[in-house]
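Read from first to last, the chains carry the letters A, B, C and D; within each, the first residue is number 1.
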């Protein structure tokens, strides 16, 4: 700091200045061992080119490629195939006998969110799940170890309008999509939610109805404003003014609002002793404030679709029961919603209607876990995912929980035991999950140009004994696969 | 496979399939050829033929069955003893917590047993042919457990009315407002009770009438006991108290056992880890593996009825994924569970003389992706999902 | 029975209050001490002399000298330090927060108790400047003031008005982090558009609302934001909002937020460390527990160290001097630690022109310690604020009462 | 039952013996090996815990014992300016309980062992060791009239938990204060689940019931359940010390009165107002275990006592045997207690003795709490004097094993 500081150190002999022991954290033995992985769990190796060579490549979209290579560059998948040339200088990983899959995605998760955050009231629908995502959550590390590279954060699960879902990377990098589908909770998950079944559907309807009303009101107002504006432009400087006033002032006047102009004229002419009243053009009434500037309402507005203008934002609807699914389909039809329906047994009987409507589905009531409670023991739907696949749907699998996200591979694996094919199971936790959350073009499969979210497994990820040997999230290897 | 179909399968099996394995063969012996057999004690046999007669295994070996014998060829498949869910309340109607007093050794799980419970049917479809029924750990001496099995006729029946006594060194047995409120108090209370006396304060006099509950506890001398404890510290006190009495304790619960697995292992007492769940911390999910590798007998239990009986297999998968050696996986839900319940001489292994409870899979039992091909209980097929599905 | 005891304490408090401002006028004088630590970097080990005139430090010279010919106040073996600066406190407030979530218009000015023992105790611990600000229980909690702990009215105590608006990003009960953030964005956007409208379109608009006024000042950068962040995710959100809306200000961190120190360093936003400098973190996944050393981590991350006192600690002992000593034990140099309770917090609060070091031109906020301030055996003997002697230990009857108890040196009651 | 387990798992046990070490102990086996080696501290300043200071001394640790000479084949620890002191001994440990401090559903629980109330893996034990406390004598809390027996623990071991010290004497803990009677109501007829249905209900009743049980044990009064009185006889016969939790002067007086009547020796715990009777305590040779310090800002201690911060100093000066304890606030704060005892007038050496050899002797651990040849190897290496907040623990040795080691960092930094 200063040369003068040295004497202090000498004087401080009494206090024997503490060693400049570099320990930002405590280092000690036993259980207390350093927790380095906890801190720097993600190794950053930018710009590196990685070649995963000679593995069994399951792309989740096409056929399996045996002895295939996946090339990762700049965080993207640069090539997939049998005859990929590994560029010089690339880091080559021998994957012979190993299985290469896209990173797994939990299609409905709360991992990284404070449990309280998933049930609290919201100020508005624009509330984004990613704002609450704690990328320092210790469970994310296990999620990466278990090959999970992305999570669909399903927003609030209690309120009828649950904010915007987000898709986040388990590496904790920037969200893959912060501004995702609008979450609507038709099914009640706990006593905290207030309304039940039909009442909730009715509440969603009135939300959408007021959004529609707001839209028409705003459109009308916008028309009025346009008329006013054109009237105002017509209401230019008078001939007298043109004659008398300097051109700069005339130019500026053009930008004035009619009321400003009228006020100016009144004052100016008065001072000139010519108190002449000027007609103020009628200004259109402002729409109520709640209608004009409400980001929450804007978020809901975007989900409304018409024949000419389809919805610009999808809806993520939790509809567990039969009736909820039916209500959702009805609402989707009525308001032009683009829906992803997340639920359980209720989906089964509506499979054909779902197929017809083009809705995407997420099966969330499979986990049989503490946080996904609500399905009594014997009622846990078995074989539901397989049934939906048979019906031509592309069901994604979500845990509907927090910690269970880490073990999505084992939860999906149970569906194989219940009749799902392995290929479909992989899709259900990769590409279909991405599509359900609207990021199917970005991630979810091993295709050139997509995010490099890739996992190398010792054996099939659906085996309990499998280990993820290499996990890449956004092209960066997370090195905490093994402790 | 839908649950409804599973139920149908059970019914069907009882009505239709049962005779296939029944006494109509000439000598009454039924043979099953298996590609691989987990015996239930940690060993694996390949290409074995299991002979079943009169509801029991009569032989397990390589010898080819006699010509013309009734042989079911499952040589592409993997068999193991029927699963035993060691600590459950499946089929216990009306709850299992009797919290009016701290010492209720005379409460019997068997008295609340309902063999027609739907939950039990679901358990069968999930490969579980035997359940250990326990009163809730809401009292220090909670009562007596019972053992129920899937009967050959499709309904469940009691195998052992007088199961192991159940003790609890956990909340809610110990909580503010209950006597006792600490583990130390539980030791004092039980210690006195084993000597047939009340736990009293100096100056208090003994009641004039003898207490039946105390007599019952004082009469306990040996045999298995189930002891609920959550941490290694509580487990130590529990083992000292119960083991000191001459009973053979098995620890149950241990959801905080991962904090000090070394101390837990040092107790050299078998452990039943209940209700492993994907939501659990990795440290807890790794506990079965750590204990097993330290030489402790580990049993897994589903946590039913709060959770689906099928979660027993998920628990196995989670434990294997997090370090339980596969050689321990099957014993953890069969042979060791039987031992904890004191019925190892009757069920829990595929061995001569034991009850013929057998589950056949199209892969390894701990893999959640494998399917159940056949469930045999008491020598009869009680569930054959793949057949009815096909 | 407890009434008796509370009575005693109340009496003691009354006696103690007399210690408060001795009304001596600011005169010219020279303060001499065996060791002078200016906290700006200079340490005079062979004695130093500080010339004070008009409540301001005029000149500092090494050695026990008096070229100014002024009255000499000499403390031969003592240590002279600048008054310490407490960067974040709710002291002197009866309750730290309104119950409504969004109260930018309230100010601690209206809730401050100048006679609170809190301020008296600050003097005993050598603290002469304190930032009092509403607590973290509401989204927008209100405005804080930088104060000196001496005066009969809040106005007398003020060093800087408009020193900060408390914004707490961690969810209060019943709401969520995301909701909190959405609500904050709404408020700020509302204030921004309101402001825009006023300039452009609405000449007839009536007087601004106080709510808008505070937020407008915040958006204009004249009122700093004090963003309370418990968790690292709150830090990420705070930095994002500050960037989105161009806010200036600083962060007040909870213990867990230390994980975001690298991000804080990257953005160059100042922050106050959590009061607990050695929190224990446990990993829910592995059960592993690790104690963290915040001061060390802060300096290692390249963030200027600002320490606050730990009022919540057992026995209320963690005063600033103690906290600085803890920082040294974590491996910091003594200078780094002392700067963390003097110049750095002064800069953070925007009052470094006046306080935080013994520098010519700054307020004469001087504290005479009996010895090294980082040794618990040392005591604060004299405190000067703006050149006035405001505390003398020898006259501190409340302290004497605390030390000797009700016996006040009498022998045991049996004799 | 163990035999049964072994029979069944014979093969498993054999094959798993190696796996046990691999799976359950820290994987760095060479590190574990090193820990078992002997240690030699050279060039350290040794504070022996008995009041002595030896600069530039050599102390060895070998086979769990201390030697005041170097031993062969040992790891040498040589840190410039470091201090070696005995590990602190917390004589009234009140930490790490699973749920409650006592089995409060009975008022007299003389057989309850503090060991059964504790969770040895509790963070508080580790925290204590990290702050230099190597021995915690866990005492059941004062909510019961007689709450049970103490248990001495090694505060932390390499196994990741506190371990009970084998064969450590146990004292019986009683309370004469407000806490045993607060909230109680007399048991009525019929069963009740309320834990408050118990005696006593007043402060008078507390002493009455305690007197009753001790006089019964003595045979002065008629006894009912003779076997239950054994623990009290142990006290009367001098086989066990009686520790009495008392705070106000009136409780101290009552305790001494009862001790006279029953003819027994007592140790006072807490004793915030004991300074008022210090000469008498000194004359009778009644030791006190003080602590924790009251709120330094108000002087209010446990049970609304009106204490003196110089309590320890006054007692010590009067000749009373004084040990310091952090009591209910947790042994992590014992070091801080020592620092503040120094602040309030105790010499550093006396304060250190009051945290090491004095409490060890009071608890019958006469080979701990001191650095003398042959003593148990509970020592802590500090970067400076252990009673300065600027010092940092560098190494903790418990029973001859290195439990925490930060010396590596020091060396790395020095290079």
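In this text, contacts are C-beta pairs under 8 Å (C-beta built on N, C-alpha and C of every residue); 3 or more make two chains touch, one makes a residue touch a chain.
Just so it is clear, the model here is predicted, and its values are computed rather than measured.
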Check: Hey, which chain ends up farthest from subunit A, C-alpha centres compared?
Finding: D
Next item on the list: Sort out for me whether B-D or B-C is joined by the greater number of C-beta contact pairs.
Entry: B-D
Next item on the list: Let me have the rounded angstrom distance from the C-alpha centre of subunit B over to the C-alpha centre of subunit C, please.
Entry: 62
Note to self: Please tell me the distance, in whole Å, between the geometric centres of subunit B and subunit D computed from their C-alpha atoms.
What the structure shows: 44
Next item on the list: Would you mind pulling out the distance in Å between where the CA atoms of subunit A average out and where those of subunit C do?
Entry: 41
Note to self: Nearest whole angstrom, what separates the Cα centre of subunit C from the Cα centre of subunit D?
What the structure shows: 37
Item checked: Shared interface positions of subunit A, touching two or more other chains -> 15, 17-23, 26, 31-33, 142
Checklist line | Of all residues in subunit C, the ones touching two or more other chains | finding: 284-286, 289, 291, 328-331, 334, 374-375
Next item on the list: Can you tell me which residues of subunit D touch two or more of the remaining chains?
Entry: 126, 130, 159-160, 383, 388, 390-392, 413
Notebook entry, point to check: Which positions of subunit B touch subunit D when the two form their complex?
Noted result: 42, 101, 171, 174-185, 187-188, 199-205, 231-234, 237, 243, 246-249, 259-263, 265, 268-270, 290, 293-295, 297, 339
Next item on the list: Spell out the part of subunit A that touches subunit B in their complex, as residue ranges.
Entry: 142, 146, 367-371, 377-383, 387, 399, 401-404, 406-407, 410-411, 413-414, 416-419, 422, 425, 462-466
Notebook entry, point to check: Inside the complex, what are the residues of subunit C that reach subunit B?
Noted result: 284-287
Check: Hey, which residues of subunit B end up touching subunit C in the complex?
Finding: 258-259, 281-283
Notebook entry, point to check: What does subunit B use to touch subunit A in their complex?
Noted result: 1-3, 6, 118-119, 122, 277-282, 304-311, 313-314, 316-318, 320-321, 326, 366-371, 389
